[in-house]
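Both complexes shown next keep chain A, but they swap its partner, so chain B is in the first and chain C is in the second.
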Partner chain A sequence: MSANAELIADLEAVVGGAYVLHEPEDLIVYEYDGSVDRGLPAAVVLPASTEEVSGVVRAARRHGAPIVPRGAGTGLSGGAIAHQGGVVAALTRMTRILEVDVDNRFAVVEPGVVNLDLTHAVERHGLYYAPDPSSQKACTIGGNVAENSGGPHCLAYGVTTNHVLGLEVVTADGSVHWLGGRTRESPGYDLRGVVVGSEGTLAIVTKAAVRLLRRPEAVKTLLAVFRELDDASAAVSGVIAAGIVPAAIEMMDELCIRAAEQSVHAGYPTGAGAVLLVEVDGLREAVDEEVDEVERVCLRYRPMEIRTATDPEERERLWAGRKGVLGALGRLAPNYYLVDGTIPRTRLVEVLSRIREISAETGLPIANLLHAGDGNLHPSVLFDERNPDEARTALEIGGRILELCLEVGGVLSGEHGIGLEKQEYFSLMFDDDDMESMAQLKPAFDTGDAFNPGKIFPAGASCVDVFQSAAVARAGAGAWV
Partner chain B sequence: MTTIPGTAVRSVSEAVGAERLSGGEGRVIDGIRPAAAVAPESTEEVSRVLGAARRDGLGVAPRGGGTRMGLGGPPERYDLSLDTSRLDRVAAHNPADLTATVEAGITLDALRESLEEHGQFLAMDAPRPDLATVGGTLAAGAIGPLKWQFGSPRDLVVGMKVVQANGRVTKSGGRVVKNVSGYDMARLHVGGLGTLGVIVEVSFKLTPLPRRQATLLAAFDDSGPALSAGLAISNGWAAPLAMVTFDAEANRRGGFTGSARGYFLAVRLGGRPRTLDRQIDDCRRSCDRHGAVCLEVVDAAGTPVLWSKIRDLGWMDDDAPEYTARASVPSSRLPGLIAGLETGGPAPAVVAEPGYGSALVHWFADGERDAVSGAVADARVGAVHAGGSLVLERRPMGSRKIDPWGEVGGSLSIMRRMKERYDPARILNPGRFVGGI
Partner chain C sequence: MSAAPPSLHAGLDAPEEADLYKCVHCGFCLQACPTYVETGLETESPRGRIALMKAVNEGRIEITPGVVRHWDLCIQCRACEVACPSGVPYGRLIEAAMSQAESRRGQGVAARLLSDLSFKRILPNQRRLTLFAGLLRAYQRSGAQRIVRGSRLLPRRLAELEASLPRVQPRFFRPGGIAAPARGETRARVSLLSGCVMPLVHGPEMSAVVRVLARNGCEVETPKAQVCCGAINSHVGDLETARRLARRNIDAFNTDRIDAIVTASAGCGTRMKEYGHLLRNDPDYAERAEAFGRMVKDVHEVLASLPLDPPRAELRRTVTYQDSCHLANTQGVRSQPRELLKSIPGVRFVELPNASMCCGGGGSYTITERDMSLRVLDSKTAAAAATGADVLATANPGCLMQLEYGVRRAGLSMEVLYVTDLLDEAYRAEDG
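On to the complex of A and B.
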């Protein structure tokens, strides 16, 4: 038997023949995630339990094969790509919700549970799972934990790490550990906290105990349309500076508005240069008082129009343009490269205007959609991959935008992670000592670099190909970022 | 300086100059007095001190305000007290971005004053904020009642600078509120008791101060209804900033309210005027339904006073308990835990947080030492049985009867490897953390 055939036989012994894929036509589905990279694994294995994950890890390691954990493959930084071959461990069969504890407001779930399915499962108790990445109809809790994912409502409620109480993980020797627990505090180092956001490089998550929140009593959405992008940006900074922390503040620029108008007919006035969506939730009285105040701040920046809504359907209509924009960008160009970075919220006006300059200088349009409330930018460079010059320029623009984020005191990624996509920029943010200290976590977890090797840390040039649109397809109809 | 003998003094004075050194008196941990204390004035000096300590194999205990030196086991070696109190600047405060970067040695009070001018605060409280520093509070993971609303301070930290045991200065995270760039190293240091590195600078997200505040104070006949009312409130629409129950013993020691009898629930509320009134109404109704015998609203001026007393109970020098323990259990198990404390042996003073699932338990010995340590051991069993844990925040000097941390389970092997990687020479607080780390 060839080495590969032996590996496959060993994996089959753990999960059964039906759950090990190794024919090229099967593997190709797992070649991409949402990022610009790709890589073909030697095998894809679909374990159904913690024990099977542990068996898979042991088998792969016996053969020296790297292991790449994978959820739904909607990641945008290449985290689920097997760029060095090896075994992809897809957790998509582990979809059980094992426990819902209504009194203590937590749930224990397997990693393959789709984010929105968890909320659906606990809705009848008046509860929900707060982190709401826009890909929530498709992405998995395991992937969310690995990327420490955020979402529009993370402004008030925090990102994934703020909602994970404990994790069951399989480490690289195949052993199973609980990190953290089911209570709010547990003694010892916060290993749970370092596994969250570790992009599948330290351990495979096989169970997660996550907090559930109560549905708020009231929700109100305010949509403000501005002629000038600068005014909208200044309004965002104004809201934060006024000491208001709404549940969400989202923003779109003129290009996004145009795309959204064409596809979902959101009904924005002509000449609109930017749209702000502010959602406030909580106690009825608090919602009224805060929305009034948000409106007062917006009025200082010459809005063309302000609309508010409380009933769910009307609110959904206000959100429609924002949620439809990603799909709509396809109408403006065959491809887009969506860049993720965070800046201080006081620098929005300046940074967006410099992005405009970059666009003018390079000739490629850049559409800006933002989780503006926490300074998380998603400039999307529009281009045509059939033109190699444009593709190269798009990636260069991505780099320039990241450098710009760092220059104003921001960071390389707000919610999509470093993965393969940004590893070459990592050393712009961290020096050798910083990176060395982070890298020590791998031996501390004794990974032997078995999980997701060659990611996050700089490793020379990564391959260049732009396939984010494919991930959007995977995230399902109506996906938005 | 010549009066202090030994390697520690020589080695550290070569590194940062003798003027940074003082004697080890007043720096005793568990009966052990270090050869010297050093107070570096910069990150660079901390780095040099640790470099020297590592070279000469000195045991180092980082120290902020010294309020939590009783947390943890007895030190394996203790030669040098590393005092961070001179690292006390606010390095940056960006009010319009609701973020700040501060040095680790700043006291919580000093930071509060500086932020308050801008209508903001750091949503992390701890006993004795006049002494407690940001770095020490994070390292001890020892937080006060505000955690009810704001959670662990880990969730407020957006970036951190740490001097590692090898003297290298490393940073992680950033200064913005949303970030997934590299491993979240700060998580290891919050609650890590300075065993993996010395925290020197921290970036936080801040919170706007509530426009108005008030506290609803309710008295009940005993703990059951008080805790149930608390749970009902946490399941209701109001969003307390903090909520605790306390017993008559805690009340008597801390002077929280005038009444001598009863079991109390205190709910700290904040918001704009209409929001605040509505919350008070909601909470009042919950208390009435659970048989409150007396209700009182403490106004905006009285609220901070009451809550500093609650926060500081057990941490005033003139009335220190023999043992203090922090129990953390699933919140539905809290009433059972507390009932157990009331019946088993010498009665402690208990401040508990319904809806959050934690309790701070103080045993004042008053001469019954053995009975007390038995009660503490029973409380540990009770907390573990309820699916949680119990950590000793304070124990009698030299006492080794009860492991201060308790069992941490199978992940201890990973924690030990953490220590091996980040502090192989075991110079930072050796022996004091979980499992003797």
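On to the complex of A and C.
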């Protein structure tokens, strides 16, 4: 029996034969996620319970196989990609909502629960789950926890970590732990906070206790269309400067508008160079007042058109263009490389104009989609992966945009994680000491570097050193790192 | 740059690259897919099936029985097309993939013969199909069925299949000439596709369709030379037979003197609206096929656009509605059947949660992929039961037969009816 066959037999002993995939045609469909990277796993296993996850981890560890946790595979930084082979642990069968506590406003869910399904399950109580990544119809809570996902409404409500109360996790020795709990405060080290955003490198989340929010009394959405991108950017800075904190401020440039128009026929006027979507929620009177104020600010920057909507269907129409835009870019080119970086929002005009220069210089179109309110940029480089030169250039452009973000005082990622995609840029932001102190955390959860190895930290020599020194310091020389 | 390995797809019916590479694997389709939702497996998702088509196209994998297995398990409901922001034409991709799979199918000789017999010899030939339905009717009504069921001799799978057979109606619906003159002023002249299976198992319901159209001022004719639309053949990848049938229908319908070709079956409507793509490489028919496709309208589309003359009589029923995939997802007909139902006085309409999710019907899928079909069906039946409605309305024969079986399986007292049945009932009540 080959080593791989033994691994598969051991995994099958845990979850049953139907839920261990290893034929070529099965592995091929687990080699990708929503990002541009690929990697073929040796096996895919779909556990259905905490006990099975624990058994899977133990079995994979016995064979020295890396373990890559995976939700719906909608991630954009390669977090779910098995680039070193090993076992992909897909958590899409763990889809139960175990508990909804309406009075204390939290739910306990399994990691495979789809983000929007949770909101649907609790909306009859007037509650909802706030973090709303654009992929919320498909992405899972487990994946959101791993990537500390954001979304348009994170401007006012915060990202995933602000909504996770506690986590049940399986660590690399197969043991099960609760980090945090079901209340807002939890004494001791905030290990829950450590695992949120750890990109599957520390532990596998098997349950999450998450906050539920009460639906605001009123929501109003304003859509402002501008001829010039710069005017829209200036309007964003104007709104922030006026002291208004909307629930969301989203911006799309001309290329995005074109794609969205083809996809959902949002009805934007021709010649539109930028669209701003501003959503305000809260008490009815305050909402009306704030939207008026936002409108006054926008009017200072020569808008072509301003529309507002309060009823849910109208609002949904205004949002439709924005929510579907990413996939709609597929109408303009076979591939897009979506870059995720964050800048101080006062530098929007300057950074967007420099991105335009990069596009002109390289000849590849760049569509800009922004969570403008918190300065989170999503420039998407359009290319065709079947042309290796274009693919290479697209990746280079990504790097230049990230360097630009750092140069103006921003950070490497707003919400998509580092994963494989940005590990080479990690050292632009952190020096060796920083990285070493981060790397020292990993052996506390995962002594053998079994979970999602080779992610986040740079893959070059300097990084191996980081891991070596950290892991060897803990486990002693000669340990498998 | 080294040359890419050649595609392992072959022929004119291969999935087209321009279609394939529109998929940016964002995953937005996953939750729209009934087989993914049931299994949680990427292998049974639209994105996974496209990834396999790409892998074949890139020469990375042969069309193995394992690959075909995942394509086969697609119900072809095309809900993923609606969810897809990139506009991937999944319907024609899976159709093309199935045509690639057809010749490489890893099935036994007996299964192959049976499928050839039913799909290539019986289904496209209305005389043979009618004969078969007649035999089935005799079996069901002579008492033979009772004896067979009572004997419990059938193996489990065959017994399940036997139990799910539609009850063949005492009257067949036969096409030929003017089926009904318009009542009152003639508002439209339409040609009705009578279809293959529907006139045999749902003859009275077809007659109801004709009455409802006539009551709304439509002159209805049913061309005698028409044949099966080819949807079931397309579904299993037999595009050659589908093209043969399409050509005969294009010849059979005289589109000069009518306003629309009407179908009461969403699967047929979708197939015929897309004849243009099916015959795109046929110089003699390509143009006519496009024009034909543009003439095709679903009966609910026609009635709502006339607009409907609402019934005067009351029907005291609580009705819920299950979207037909091939009506909602491919033809965009969602609001019309609901409007028609709401226009009947006395009807209390309740929305079925997730009504656009497939019921697991899908042509021959109920037979070829029995287990998955039933898994999807049982989820649907449970949701329908929870609405408390006493009628589950739908707009397509495949859905109706599947849902009827689901209701029987679950032991519910709910009636499963066509939207047009309810309209007909109301109109007949008004006539007293």
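Note that in this section the second predicted complex is superposed on the first by the 455 of 481 C-alpha atoms of A that agree within 3 Å, B and C clash if a C-alpha of one lies under 4 Å from a C-alpha of the other, contacts with A are read in each partner's own complex, and residues count from 1 in each chain.
Please note the rule applied: a residue touches a chain if its C-beta (ideal position, glycine included) is under 8 Å from a C-beta of that chain, and two chains touch if they have at least 3 such contacts.
Computed from a predicted structure; not experimentally measured.
Asker: Who does A:R386 touch here: chain B (first), chain C (second), both, or neither?
Answerer: Only chain C; A:R386 stays clear of chain B.
Asker: Chain B or chain C: which reaches more residues on chain A?
Answerer: The partner that reaches more residues of chain A in the superposed model: B.
Asker: State whether A:E350 touches chain B only (first), chain C only (second), both chains, or neither.
Answerer: In the superposition, A:E350 touches no partner, neither chain B nor chain C.
Asker: Does chain B (first) or chain C (second) touch A:E289, or do both, or does neither?
Answerer: first
Asker: Figure out whether A:N162 sits in contact with chain B (first) or chain C (second), or with both, or with neither.
Answerer: A:N162: touches chain B, not chain C.
Asker: I'd like to know which partner A:G112 touches here: chain B for first, chain C for second, both or neither.
Answerer: In the superposition, A:G112 touches chain C alone.
Asker: Can you pull the chain A residues that chain B and chain C both touch?
Answerer: On chain A, no residue contacts both chain B in one structure and chain C in the other.
Asker: Would you pull the chain B residues touching chain A in the complex into a rising list?
Answerer: 94-99, 119-120, 141, 147, 151-152, 154-155, 162, 164, 168-172, 174-185, 187-188, 190-192, 196, 207-209, 235, 237-239, 271-272, 274-275, 277-279, 326, 328-332, 356-358, 387-389, 391, 405-406, 408-412, 414-415, 417-418, 420-422, 433-435
Asker: Can you tell me which positions in chain A touch chain B when the two form their complex?
Answerer: Chain A reaches chain B through residues 101, 103-104, 147-148, 150, 154, 158-159, 161-162, 171, 175-179, 181-191, 193-194, 196-198, 214, 217, 237, 240-241, 243-245, 282-286, 288-290, 342-346, 371, 374-376, 409-418, 422, 426, 429-430, 433-438, 440-441, 443-446, 456.
Asker: In the complex of these two chains, what residues of chain A are touching chain C?
Answerer: Residue list for chain A touching chain C: 21, 23-26, 28-34, 46, 72-74, 90, 92-93, 95, 112, 114, 116-117, 135, 137-139, 262-264, 324-331, 334-336, 384, 386, 388.
Asker: Provide the residue numbers of chain C that touch chain A in the complex, in ascending order.
Answerer: 1, 4, 21-31, 40-43, 45, 47-48, 51-52, 55, 60-61, 64, 66-67, 70, 83-88
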